[in-house]
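Note that the chains take the letters A, B, C, D and E in the order they are written out, and that residue 1 is the start of every chain.
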Amino acid sequence: MIIYKSNGSWFGHVFHLTSSYTMRRVVRAVLLLGVYSALVIGGIRILNLHRYLQVDSTVFSLLAVILSIFLGFRTTTAYDRWWEARKQWGALVNNCRNLAIYVDSMWPPADLAIRRFMAKSIANFCLALAEHLRQGTRLEQLVDLSEEEVGYYTTKDHVPNFIALRIYQRIAAAHREGTISEGDYLNIKAQHQSLLDILGACERIKKTPIPFSYAVYLKVFVTAYAVLLPFGLSEQFGWGTVPLTMLIAFALLGVELMGEEIEDPFGRDCNDLPTGDIAHTIKRNVFEILEDRTPAAEQRQEEYDKVF
Amino acid sequence: MIIYKSNGSWFGHVFHLTSSYTMRRVVRAVLLLGVYSALVIGGIRILNLHRYLQVDSTVFSLLAVILSIFLGFRTTTAYDRWWEARKQWGALVNNCRNLAIYVDSMWPPADLAIRRFMAKSIANFCLALAEHLRQGTRLEQLVDLSEEEVGYYTTKDHVPNFIALRIYQRIAAAHREGTISEGDYLNIKAQHQSLLDILGACERIKKTPIPFSYAVYLKVFVTAYAVLLPFGLSEQFGWGTVPLTMLIAFALLGVELMGEEIEDPFGRDCNDLPTGDIAHTIKRNVFEILEDRTPAAEQRQEEYDKVF
Amino acid sequence: MIIYKSNGSWFGHVFHLTSSYTMRRVVRAVLLLGVYSALVIGGIRILNLHRYLQVDSTVFSLLAVILSIFLGFRTTTAYDRWWEARKQWGALVNNCRNLAIYVDSMWPPADLAIRRFMAKSIANFCLALAEHLRQGTRLEQLVDLSEEEVGYYTTKDHVPNFIALRIYQRIAAAHREGTISEGDYLNIKAQHQSLLDILGACERIKKTPIPFSYAVYLKVFVTAYAVLLPFGLSEQFGWGTVPLTMLIAFALLGVELMGEEIEDPFGRDCNDLPTGDIAHTIKRNVFEILEDRTPAAEQRQEEYDKVF
Amino acid sequence: MIIYKSNGSWFGHVFHLTSSYTMRRVVRAVLLLGVYSALVIGGIRILNLHRYLQVDSTVFSLLAVILSIFLGFRTTTAYDRWWEARKQWGALVNNCRNLAIYVDSMWPPADLAIRRFMAKSIANFCLALAEHLRQGTRLEQLVDLSEEEVGYYTTKDHVPNFIALRIYQRIAAAHREGTISEGDYLNIKAQHQSLLDILGACERIKKTPIPFSYAVYLKVFVTAYAVLLPFGLSEQFGWGTVPLTMLIAFALLGVELMGEEIEDPFGRDCNDLPTGDIAHTIKRNVFEILEDRTPAAEQRQEEYDKVF
Amino acid sequence: MIIYKSNGSWFGHVFHLTSSYTMRRVVRAVLLLGVYSALVIGGIRILNLHRYLQVDSTVFSLLAVILSIFLGFRTTTAYDRWWEARKQWGALVNNCRNLAIYVDSMWPPADLAIRRFMAKSIANFCLALAEHLRQGTRLEQLVDLSEEEVGYYTTKDHVPNFIALRIYQRIAAAHREGTISEGDYLNIKAQHQSLLDILGACERIKKTPIPFSYAVYLKVFVTAYAVLLPFGLSEQFGWGTVPLTMLIAFALLGVELMGEEIEDPFGRDCNDLPTGDIAHTIKRNVFEILEDRTPAAEQRQEEYDKVF
């Protein structure tokens, strides 16, 4: 992930052109099309094919407008997906903070075990989720797991699911034992429930690309358009066709490739969400809320050295 | 359903053109229009009708822009519907997982019967829903039904409805008997309620196509446009009219046909949602949560062989 | 309401052109404009006014693009309204099913009176709502009303309101008497509340057309445009102006008239929602859930003959 | 507020052109621009400046398309605001009806005082809100205030806030005294809470115009465009420039002025929401539900004469 | 923040052009481009390069339409963000008012300490949040902090988080001690929870700019477009190219720069939300509700002098 400032200088942005993976792909495709259109123009000139070419730029203008409307659709849907993913991770932050505050207020201050258990479980849920949305959870990235827990989670396919299960078991047990009251039990459930809701929403975004037909349709259309473009412009613009083809291709290809890149926002590209960072922020917040003012504070320092 | 990767290579996509049912329909219509426009051009040339044709391509550009704005509307609404259906099935996953976690935490660990009942009922609700949205639920696709249940559901029109009814009856009975507390009862209701909410939302999407007038309007417009197009282009582009007509028709027809195809997302086309797969995933998750650590684990293996 | 299939054949749709009320209105207006533009062209030719006409088609292209953007706005808002109305009725289905399931689980199985009361009240709420959104509720369309109820509702202006009131009175009374528990009372309230929420949302959609200025603006603009169009095209296209004017008018008028038609979705046009059918479906579902397995089943048959 | 029917005749609407305040503003600006462009054309002809004017209509077409895209943005955001305001007032209707139904069911039938208090307080909240969103609440428009209440509210800046406070105080007191049960208390809170939520949403809509830069930007752009337009068209269209300028100005100015007008929907223009009427409808509904079947019915008649 | 009236006169707005920071940036860039295009035209004339320039304005029209579609996307997303931020702060107002009303009704009237604590804590949460979204909370801007609190918050990174924690601790303690009932506890939790939800949503808006690739793409495109524009227009418009380039640049640059400016709505620009003012309004409302009618009223006057 590249850290960048949105409100920075204009040219700073322009010169970052090649630091984005998607932008590099776009630039490569645009250069390729430049070579192709130069070959077309050269071929037409050498073979003297002018009189067979009646296509002019009007039709290409028209098609480009239609294309751009559907590329606008593509952009909007890809962005919506990205923004929804961001909202889910934002909600995860809120939820975990609230959950920590409720745990802290509901259990008696002397109960350090539940604070430790909740702090690490909430943190682990977020850390596991971030990796689960990439190549799958690796247990060594979770914090403060006991032997028993490592053994338990190793047998599970879907680690975040079972972390959530364990959190709820503790809550339900405390309710049965009377440690937390009926009201506490009702209040804390909303926060717990949304852990899995957020998990499910992220899985949905990850696993559902744009419908197959749209993906094929757009690429067939853009390919046909780019292949025919130099023929359409050659009569009118001569060698000027080459830069024009490249500029138009930049406009159209860029959008399609950016849409493709952005619709899976959980990876490690420069456009992806910093889900790992967010998970670590949650970890820090949750431990701060739940262990800061307890007798466990002394031993915490050393223990966290290997964690943060 | 074709499994495909969104982030794959560009040309991989382009060559999949004919593996999509909708794309094949589009290609067929485009070829037909190509033949038609060749006949028109030939007729004009042979009969020497040039002087009667004053229509030029400007007006067709204009109309195509208007058309594309409304095709954009068509695309957006069809996609929204598809995406909402996906959201509902995503919510179903979350709900069923949460429901299973709550059942597991609320009932005493020794109560294997309720775990078995809930696991199979939740799974059956999802399996029944997937088929209900296609040609109707078939009871042989549900898992682990008793004789009594088969008899009961056979008399019902709307199977998922009555599965939900039975789930709630068990919850309400447990509440009356005091097995689960007031707080449990309140907590678990939200998850149960959204089973029927999701069911209803999917039925709504399935049963409500785009308003009749819009469907007719768009098809009349596209038909009139395509029929007139070769006359409009013939003067300017000669035989070049044929490929141009086909390209424009590809742009316009493709969108309308894709919109039609995608607005019912519960079938078995390549664009449809994998609702059957999702239902089976839920089944697996729910059984994992509810039976994994119970004495029933031994007998489970054999029983599931015929299930999964 | 015409029953039609969205995924049917293309030409089936095209030939339905005149079976839609709105489409007939559009076709009529388009034919009128055809006659008008023929008169204009004839007048210009006979009176030899060519040299006074300098307007060409460029400006009309421009204006049509602007117009189509605002007609796109019109279409989107009208459709959103229609779709929201459909969502509300879909939510009504879910709610009523859930309400019936809760009533069935919460009250003791022996209490047939409450089941009958709730089944008929929920059904009547929906039937009354469907008519309330048309010309007003007529009591003879409701099912199974007692003498007392007919007398009571006759004095009320807003029947659905008071059906909802009576449903809640029974729930609150059962809660006070201890027939249903605190948890039941809390759980069932959400479903009751949304009865009135849905009612209110439908009233809002019905009573709030697009702002007055927009309606006037669009019609003034479209009228001015259509009146001037033949003058703008006459020079370039001669008699070809007539079909072109008609095609463009079809594009523009169709959208405005469809928007107008669709923004009140509660009537009996072919585009309107089948609210009456939905209400009857709810009636059937609710009676099935609440009376199917009770001793009242025998007498039900005869009683329903006059109802369904 | 002008009462009008959306589905009325086309020309009825067109002739209402001048009955809308905004439309009159638009017409005035359009006429002014007509005079201006006539002066420009005259000046160019008299001073013979043709050879210095090379601008043609292509660039103006382009700019108008760009402009119309942003005017489309303007329209959509202004309309969304208006529609959200309508939704809030619709939700207020639902809420107040529900609140009245709950009050009626929760308190013992003999308690006429609470029914009277709640009926008048809910009605006053709505009446006060409607005026609060205009020039501020005037106490003489509220119904049935006691001496004490007049004194109390006179000292307050934000009357609706304190009406809501008083409603909640009564609910909380009844809960403390045990008049209403725990379940009643939880159930009624949602309705009370949304009173202030609706109030806050309306204040937000009222107090937040479109960002300053956008407002300035659009007006600068439209002004520059309109000033230059006659120069751009003069060469090609001669005196035809005058009507064309006026038609294009109608399209562009109309949208901006309508957007401005509609984004504050709480005034008394023809496009504004009938908030006063809605408040009075709520008053009628609430009094009907809460006092209709009580001994207070006799004295009500006379008392309401001065109220409704 | 400039206070301005949306419904003011048209020219008032136009002349405010330079009072907006963003508008000044736009004007500067437009002037620069004017100089640049004058140099280009001059260079072409002097060096007589006309015959090498075949690019005409058609292609630039096309590209500008594509650009404007994506600038429309940019505008919409930036505005949505700004509007969502406004909604969150509106919700904060509602929440705090509701919270104050509940505190006032739930605690016994004699308990002045809790009223003072809640009033100052709610107010401080809002004041801290406003600054937290700028350069970070400064404790001296909070009201009525005790020595202990200053010490406590000084050690914390995320002050609003811990204010919310302390509020909940008091609520939970009151619930444990039996000062507030179960129902009160459940009712007040929703308001507390949304404090952190609002905080999280604002942080999300602040920290997530538009995806990197989009930002780069738009700027590269706009830059390339602006650099090539004078070459494209020079043939056709001569020196008229200069104002035309400036007008088009105004349209395109303005949108990009406004989008950039508006997507972080928490600063102190003229377009930013008046978060500080809103926080102070909340403070005033909350103190009015919670202390107005208590014996603490006398001492309040003097104490607030240094506060408001």
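Here is the rule we use: contacts are C-beta pairs under 8 Å (C-beta built on N, C-alpha and C of every residue); 3 or more make two chains touch, one makes a residue touch a chain.
What you see is a predicted model; the values in this text were computed from it and never measured.
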| item | value |
| --- | --- |
| Shared interface numbering between chain D and chain C [over half = same, under half = different] | different |
| Chain C and chain E: spacing of chain centres that average the CA atoms, whole Å | 39 |
| Cα-centroid distance, chain D relative to chain E, in whole angstrom | 24 |
| Per-residue overlap in chain D, given as positions that touch at least 2 other chains | 58, 61, 65, 69, 72, 182, 186, 261 |
| Chain-level touch network, classified as line, ring, star, complete or other | ring |
| Chains in cyclic order, anchored at chain B, direction fixed by chain C | B, C, D, E, A |
| Touch list for chain A against partner chain B, complex | 54-56, 58-59, 61-63, 65-67, 69-70, 72-73, 77, 156-158, 161-162, 164-165, 168-169, 171-173, 175-176, 182, 185-186, 189, 193, 196-197, 199-201, 203-204, 208-217, 219-221, 223-224, 228, 260-261, 263-264 |
| Complex contact set, residues of chain C against chain B | 2, 4-7, 10, 13-14, 16-17, 20, 22-23, 26, 57-58, 60-61, 64-65, 68-69, 71-72, 75-76, 79, 82-83, 86-87, 90-91, 93-94, 97-98, 101-102, 104-106, 181-184, 186-187, 190-191, 236-238, 240, 244, 247-248, 250-252, 254-255, 258, 261-262, 270-271, 273, 285, 288-289 |
